[in-house]
Structures are given as structure tokens and as C-alpha cells.
Amino acid sequence: MAGSRYTYVKGFELPDPLLPSTFFVIRIDGKGFHGFSKAHNFDKPNDWNALTLMNEAAKRVVGGRELNGECVMAFGESDEYSFVFKRSCKLHGRRSSKLVTLVVSVFTAAYVALWPQYFPNSPLKLEELPVFDGRVVQYTNEAEVRDYLRWRQVDTHINNMYNTVFWALVLQGGRTPVEAEQELSGTISSQKQEILFSQFGINYNNLEPMYRKGSLVIWEEGPPTENAPASTDEPSCSPSTSPSPASAQSANSPSTNSTPAPVKMRQRKKPAKPKRRLVVVHEDLISDAWWESGRGKGVLEG
Amino acid sequence: MAGSRYTYVKGFELPDPLLPSTFFVIRIDGKGFHGFSKAHNFDKPNDWNALTLMNEAAKRVVGGRELNGECVMAFGESDEYSFVFKRSCKLHGRRSSKLVTLVVSVFTAAYVALWPQYFPNSPLKLEELPVFDGRVVQYTNEAEVRDYLRWRQVDTHINNMYNTVFWALVLQGGRTPVEAEQELSGTISSQKQEILFSQFGINYNNLEPMYRKGSLVIWEEGPPTENAPASTDEPSCSPSTSPSPASAQSANSPSTNSTPAPVKMRQRKKPAKPKRRLVVVHEDLISDAWWESGRGKGVLEG
Amino acid sequence: MAGSRYTYVKGFELPDPLLPSTFFVIRIDGKGFHGFSKAHNFDKPNDWNALTLMNEAAKRVVGGRELNGECVMAFGESDEYSFVFKRSCKLHGRRSSKLVTLVVSVFTAAYVALWPQYFPNSPLKLEELPVFDGRVVQYTNEAEVRDYLRWRQVDTHINNMYNTVFWALVLQGGRTPVEAEQELSGTISSQKQEILFSQFGINYNNLEPMYRKGSLVIWEEGPPTENAPASTDEPSCSPSTSPSPASAQSANSPSTNSTPAPVKMRQRKKPAKPKRRLVVVHEDLISDAWWESGRGKGVLEG
Amino acid sequence: MAGSRYTYVKGFELPDPLLPSTFFVIRIDGKGFHGFSKAHNFDKPNDWNALTLMNEAAKRVVGGRELNGECVMAFGESDEYSFVFKRSCKLHGRRSSKLVTLVVSVFTAAYVALWPQYFPNSPLKLEELPVFDGRVVQYTNEAEVRDYLRWRQVDTHINNMYNTVFWALVLQGGRTPVEAEQELSGTISSQKQEILFSQFGINYNNLEPMYRKGSLVIWEEGPPTENAPASTDEPSCSPSTSPSPASAQSANSPSTNSTPAPVKMRQRKKPAKPKRRLVVVHEDLISDAWWESGRGKGVLEG
């Protein structure tokens, strides 16, 4: 072939397989989301729609045909999401860069495609698109994977506690950001809760579970719920957001949003073989209880 | 800190730096674009809008602040794009997975965001989003990088020649796909050109350069063109497509497309320091001429 | 410093850590031992002294201060040896090339140093030294490590069975090598045993366990045996070989070899803290029995 | 095959190829040589025999059939040696661990085998064998490789200057080690030379080149010298040491040492195809002169 004199360059493509039989996590992170969230006026300390959009994009990743159902669960908080794969996953020969770029690309595509449903009045700008980077991390056993998820949930808790008090001090308490920062400096968790309660009448433990615990995308046995097409394993584009957390029954409730969706639904042709659907839940992953429960038990085995 | 007992899991994040001082190429590839292009009725053998959309997404990658101007050129054909980085690039500590995921994410985001401008009547479906995977390849010197680009351009040439004759036989010549395949089996380049010319009056060398040579995104010295904001180094969203190749003056000509753009332009605040802009050209990279020309000389040094 | 303008070259030394918490095996292999064993007239199909020398070199690796006692066991056959490390091993930051080169170097040094004791009449030649290469393989759990060792022992069995019959046919049966090869072609294990028994009166299962099962170097609780200094955790150079298998009581029996040893013994100064010593045994690793026995249980945890 | 149920464990052996077309250096380092050199009473600040033994072991590596002549040069100082391979080297598929372990093993074997010729009165002890670890470093062009070697030679210079003055102060000047260290603290090169000259009448620049510049093992065109068999490309074991530097004509001069050598010479059968031999020289690699000279020009191309 005419091109054969150049094909030697293909020899520079080195293999990068993961170790066989490790569990692996692909974690994606929003790049420059501080500025991005400002540009689109995300609510502080948490934006319900922004987080729900993250969850819907994650469901698209987990449930999409690209991953062949081999991602067993995903955990998200703020602008990051962790996708956990079972140890027997053989997708794409377990090539590291192939796997991590696929996850990042599907997530990004879904996030951008779903954006207008969640932020109909704040269109994306080409020069400031939502962008995510990713990495793969391998673990050798279930205990390590559980500790990984606990690590992320402890992070959720610490950040949310701080941000909740910080923004209460600023938005309701009239402090400047600098004053708020100084007031919180050196405080421990219980002191922050006390500030929230005594000064603003807020009981931290009554706040939205999604804010305090992050979001878990998991598979659930059983047929897709009648009125919740968004939770089937072939994701549709029916937005599962709601105008406000107050009116939201669940992250999976059908939307009443009438914004004209640029993303069109496609009718499902063939029924899924194993009946299962994706749900978003907000559970305590730090104690052992959930891991021993019906949903948590065996979840990492897929 | 409460979470410290779990932070050991962070130790499983292994370093993955590229070698210092290599040139490196990040190549992205459309995943399942055979089906995707069918679903959206891409023209055969080439779809002008689809290729222009690829080019615009690539410009967004090369010119975007995420890469800090360290990508010196990009080459695209069909549903793939190769981004070439100068050897002195120190972006993100040259961490492999960070770099490859960033490029894939920016490209995907731009592709999805720009889609409605190029395919206003064929909205994306959530279950079949355009998705790209990526890989990084390192080279030790300029000669190898040039040969890499030649390898891709030879591939462009071979594929386009085949596809052009194949689709002429099918669409204009009334063959079935199987008949066309058999007719082309074993033919060499000159025979394919002869079929094109004798049976369909098509001179292959007069076909669109973009189809025959692929597209090159490069930096050009000088101030951004007045009427071509899309070629500045801070990309805007003014679509540079045209309804048909016949009317297209250049891939950078301002669009007359009046589709309501979901992606909003942002006014540029601060002027770019070094005056340079991105252009899309279609050059012969296989002979040495372009590499010795004004544009090609030193291009890999950034 | 004067040299600082060149220190940038140090930046090309890339990290190569193993994953934390994997079990890992370092397997070394004799390079060109076919020729080497010929040059020194190794007995066929097995050379007692050559195998014992391998075992003694392996004991030096496992028991030496270089590995800090973190190698939990080793398995050898023919000219290869596998060293198994516990998952908690943190030696040298688990740097792959550091670990594999250390093991190879200690093994090679011990093999060469001990050589004159085992082959006093066949001195080494500089141009044909015994040389070993090595590799590191990581496993995620004990079941995989056990299967790794079973894989090597099945290999021992298959090779030894074949070689035993082959050399009986050649050395006692008067066949040429080609005839012997043809005679064995396509035979299964039971047929080979039958040939051995009917033609040569040899019961395969009565052959030396070291030949049939390979050698296992493991730690044993308790004080070093009085008359077996070679099995202490600080290896001495007292050769544990014997002139022939017939007279050998154990691979650890003190040598009666009076060859002037070029390697001098050093008196042990400080007593080992945890009383344990290295022993060489020949066990069936394929069934579960040994793994459940006193010696095998917990052996991989170190 | 009976063993097939275990062969899955082979899948855990991951590929580790070097990038094609890089130059690469394998550097080995003595492990714990501070203690080792004390145990064998190496002369301070430099031991002629110990360094010559390093050089001979390096020649065995470079000239041995294991590396197929693809190592183009080697540089040694103290207890370390760097082996430089040409970019076109395809040995063992450029597998990193294979290459680095081979070099370490050949070096170690040669060092131990040659030891009795250089230290006939100080036999090795099994529990304190000379051991080397190794690493591979890749470079993209000749300039970087030259700078690598300069980096090592600057290191040689700095260490030797310090050690020479330090040991003069201690051995001839009657200082304690602590006093000598304090006296040298903060001094620059010229001050150290001044101390040497004014207090001990030593002109630093007249000291042995091997001590000041390290040793370079390179190939030289032409037939092997009659009386210097050690410099042929098939290394023999004739020791090239000498009792003292004063009487040494060259590192390659035939030894007059009559110690019964445990390593036997083998007669060379077939003549080497390309006539070339290995020599040890002590050159200034920091300035450009040598690199532009007959020996240095093109040396890295092999």
C-alpha cells in the first residue's frame, strides 16, 4: 500500500491495559467549574438543577450502551462523579485511555445535550463550555472500593457543611466573604452546626440528602417504572429536574418542565433482557448498614 | 480530619506522566459513527456540514484556554482528529490521562454545542450522542511527527478515493453495494480514478480539497480577520458552515445560517497578546513542499 | 552548583510504582541455560547439584537483608524461580524496576558465588556466565497467587514427566533424540508413565520429589536448627548440596564437600528478633491440602 | 492441557515496552556499597582495583553476546555504571524489565566472577554480596544523552574533589572526619584545590584521570590488540588490574597477577565479523571537543 512507508508510526502507540481483575474507578472532575458556575449563576451553596443535571449525565454514562452495563454504580458530588466498574469488566480490553476517554466523552456529551432542559435561560457559550477531565484508579478488593466511596462522601460532608454555613453567614447573615471565612476558621463540625441552628434556625440534618450525602446511581432489579422512563437502562431525554427542591419528590420524578427539548426521545424497540433500571439515591455509605442492605449487598459484583 | 482514615485510597492514584520533551499527538475517534452518521443522514461519501462541524470543534480545542495555546496544529478526516503538541508543552505536568481526557471533553462539548447550527433539522438523541475516545502517542522528533501526519493523510486519500467511487457506483451507477464492492475489489488508485472519469465524468483531482486531503487547523500570525471572528484564538460560536460546498468560499467564511443558535456569543474583553488566529486549510502534507513553506516551516515548534 | 545545568536530565526518570496492596511475584529465568547446562555437563533430565544451587541462591534472596524479610515464599523449577511478596510490602516504595533488579542481582551474585561449591570441577567462563532476567507480576488476591504457583507446578510436572521419559529412552533405551521425540509425540501422562515402568522399571511417583514438584522456599517458625546453619534467616555459605540424591537426606543437610570455599562464613553477631528460618520443601501445591495445612495457612500474609 | 485452568494467571503479565526510537540509558548502582567497601578495605578516596573491576564488569556487559553489540557506550564512576543504547536497538522487543534485569544480571555475575582476581585476599561473604539495582531512562535525542553523561561526569568531579581533599585531611593531615567535614563546609572547587596544593603538595589536575573523569567504555574500530585480549568484543577473563595505579600502564594491560583464577579462559572459535574492540578511556565529556573528535563523533549511533 502507498501508505505503508509511514505505518511505522503506529508502533509508537503503546499498550496501556489495566491489571486484570482489579476493580476500577473512573473519576471525572469539572474543569474550571468555579468560573462556570458563576457565569451561570448557580445557587449557593448548592444548585438543585446543576446537581440533577450531573446525576442525569451520570445515568446516561452508566446506562448507555457504550459501557455495556459493566459500570455497577456511580457516586457524585459537586462537579465530580466517580464511576465504579466490576472486576470482571473486560470492556475494550481494559485499555486505560480508551475507558477513561469514553466515560468523559459520554458524560460531557450528555451534560451539554441536557443543559437546555436544566438551564433554559442561560445558554452555553462556546468559549466557556462545561469540560471534564478524568482518571482511572484501580483497587484490589471490595473493602478498598467501599473506602474509596467513603472517602468521597466524607469529602461531600465536609465541603457541604462548610459551604452551607459560609453562605448562610454571607447571604442571610450579612457578613462579607472574608468575615465569614474568619468566623469559620478553626471550627469543628459541631460548632458549624451550632452556628447554623442558633443564628439561622437551620437544622443541618434536615437539609436535602442530596446536598449532604451526594448522589448514588445504582441499578435496581425489576421492570422500568411506568411513569419514570428516565430510569430505564436505555436513557431517554425526559428531564427529571424540577424547578425547586421543595416540589421535587425524587430525582427520578417525571418533569413537568415544558421547555422545548432540543434532544428528542426515541422509542425503545427491543426490550432489555435483564429487567433492571437506574435509580438515584442518597445513602449513608460510611457506616456498614447500607452495604449490608438489599441494595448494597453484592452491588460491586454487578 | 474525620476522613483521614479513608485517604489511603488516594495512594492508588498512580502517576502517568509522558516523557519530557517528546512531541505528542492526541488522536480522537468517533465511537460508532457509522450508525450515528446514518441516523442523521450524512451525505455520502462526504458530508460537508459534518466535516465542517469537526473542524470547528477542533478549532475550539486548539484555540481554547484549556490548552493554553500549546497545541500547534491539528489534522482531521472523517470522524477522527489528531492534535499535535510541541515538545516543550508542560501543560498539567504532562499527565497522560489528564491531557487526553481534556482534549476529548472539549471536543465533545464543542461538537454537541455546535451541532444545532450544522444540523438544525436533525436534533441529537440522548441515547445516541456523538461520543469520542482518545489516545496519546509520543514521538521523539519532527520527522516522526511529519510521518504521523502523512500516515493519516494517506489514509484520508485511500478511504476517500474508495468511498467516492463506491458511492458513485451505488448512487449514480445503480449498483447494489455488493456489486460496487466487487467491482472495486483489487483495483488500484489509477483504475478507480478511471472508473470515476469514464463512467461518471468526475475528475477526482477536482473534488473538494477537504475531502481529498483532510483538514489542517493551524495558527496564523496577524490580527484576527474583521469578518471572520471564528478564526480568532478565542473561539466564538458564529457557525462557519454553509449550506453546500458549492457556495462555500472557505471553511472560515461567516455563516448566513439564520437558525436560532442555542450557543450565545460573548463579547471579547481583553485583546489577545500575541496576534494570531486559527485557520483551516487543506494542504498536501505528504511531499516536503508545505513543510518547507512559510506556514509549515517551524510549525511543530509552536 | 556547576552541574545544575545538566540536572534537567534527571526529569526523564519516570516513576514506576506497583499498585498499593497487590500481591506481587518476581519471576527470574535463566538466560540461555540450554547452552549453559551443556557447557557444564548438567545431568539429564535433572541435575541434583544445579537444582540445589538454585535453591540455595533463592534462600539467599528470600532471607537476605536486601528484601527485609518481605518475600514470603519462593518456588523454583529448572532454571526459573518465582519470589512471592506479601501485599503489605512497602520495600523501596514498591518501585517496579528497583525491586526486580534487586532480586535478579542478589540471585545472580549468590549463584555465581556458590557455584564452586556445587561444581568444583567446572569453573565458570567469563564469556558464558549464568545470567537471569526477571519480571514483576501483580495479583489482587490470594486465590490468584495460589493459582500462579499451581501454574508453575503443573509446568514442572509436565516438563519433568516428558524429560524423564525422553532421557530414559535416549540414555537407557538407545534411541536417538529424534526417535525418542517421535515415540513421545501425542502421548498423555499415563502413557508416559507406562513407558517408564514397562520399559525401564521406573515408577514415576518414586522419583525425587524435588524433580517432580519443584522446590518451595518458606519461612518456618522456631529457632535455627543446630546443625543446619544454612537454614537460618541470615544465610551462611555452608553448602547444602550432596554428591548425589541417593545420599542426600535433605536439601538443608550440611555439606561434607571439602572443596576450599572461596566464599567465607561470617560469624553471626546479633540474634534474629523473630525466630524463624528458611527451609526448602517439595509439596503438592495443586490440591488444597497444603494450603490448609499448618505451613500453608496464612503463608501469603507473611 | 492439565494446566490450562491456571494459565489465566499469565494474563497478569502486562507489557512494558520502551517507546520506539528513544535512546535509552540503563544505570546500575551498587546497593549498600558504603558498608561493602569498608568490609573489603577499599582504598580511600579511590580504590584502583575496585574501579578497574567495575570497568571490566562493564566491558563484559557491553561486549557480551547478551546485548548483541547494541550498547554503544558506558560510563562509570564509583559504584555506578550507565549503559547507553542506540535508538535503533530492538533487543527483546525493547521490553523494559527484560533489558534492565539482563544488564544488572550480567554485570553482577561478571563482578562476582572477576572479584578473586582483583581482591584475592578478601573473599566475598555470602551474606554481604555485591548487589546492584538498575533503572532505565529514555531520551529523545543525542543532545539529551550527552547532557546525561555530562551530568554524571560533573557528579564524578564534585564527589572526587571532595573525597580527595577530605581523605587528605584525615589520612595525611591528622584531622578527624568531623574536623575535615567542617573544614570543607562551604568551600568551592578552587578553594579545595588550594587546600590540596598548599597543605599536601598535591596538584589535583595531576591525579589519575580515572578518578577525576570516570571511565568510558567504548568500541574502537580495528582488530583486537595482540596482547590485550580483554579488549576484544568477546571478553575473556584475563584480569586487567594491576597492584597499584603507579605501575598501571592502562586499564587494559594484561595482568601479572598469578592468583589461580577460578574463571577459565575459553579459546575464541569464530572471528568477530566487524572488527572492533572495547577500550576504557577517561575523557572530558563536558566540553564539546571529545564529542566532535574521531572517537566521539557518531558514537551514539552505534
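Some points to look at:
Going in written order, the chains are labelled A, B, C and D, and every chain counts its residues from 1.
Simple rule for what comes next: a residue touches a chain if its C-beta (ideal position, glycine included) is under 8 Å from a C-beta of that chain, and two chains touch if they have at least 3 such contacts.
Quick caveat: nothing in here was measured; it's all calculated off a predicted structure.
Chain centres were defined as the mean of their Cα atoms; on that basis the chain farthest from chain D turns out to be A. Interface residue usage between chain B and chain D, two copies of one sequence, is largely shared: over half of the residue numbers at the contact are used by both copies.
Averaged C-alpha coordinates put the centre of chain A at 30 Å from the centre of chain B. Centre-to-centre separation of chain A and chain C, using mean CA positions: 50 Å. Chain geometry summary: the mean Cα position of chain B and that of chain C are 55 Å apart.
Across the assembly, chain D contributes 8, 12, 14, 19, 21, 138, 144 as residues in contact with two or more other chains. Contact residues of chain D toward chain C in the complex are 1-3, 6-10, 12-14, 28, 31-32, 60, 64-66, 96-98, 100-102, 104-106, 108-114, 116, 123-139, 144, 147-148, 150-151, 154-155, 157-158, 189, 234-237, 262-266.
Contact residues on chain A toward chain C in their complex (touch as defined above): 19, 21-22, 87, 138, 140-141, 144.
Looking at the complex, you find that chain D touches chain A at residues 8, 11-12, 14-15, 17, 19-21.
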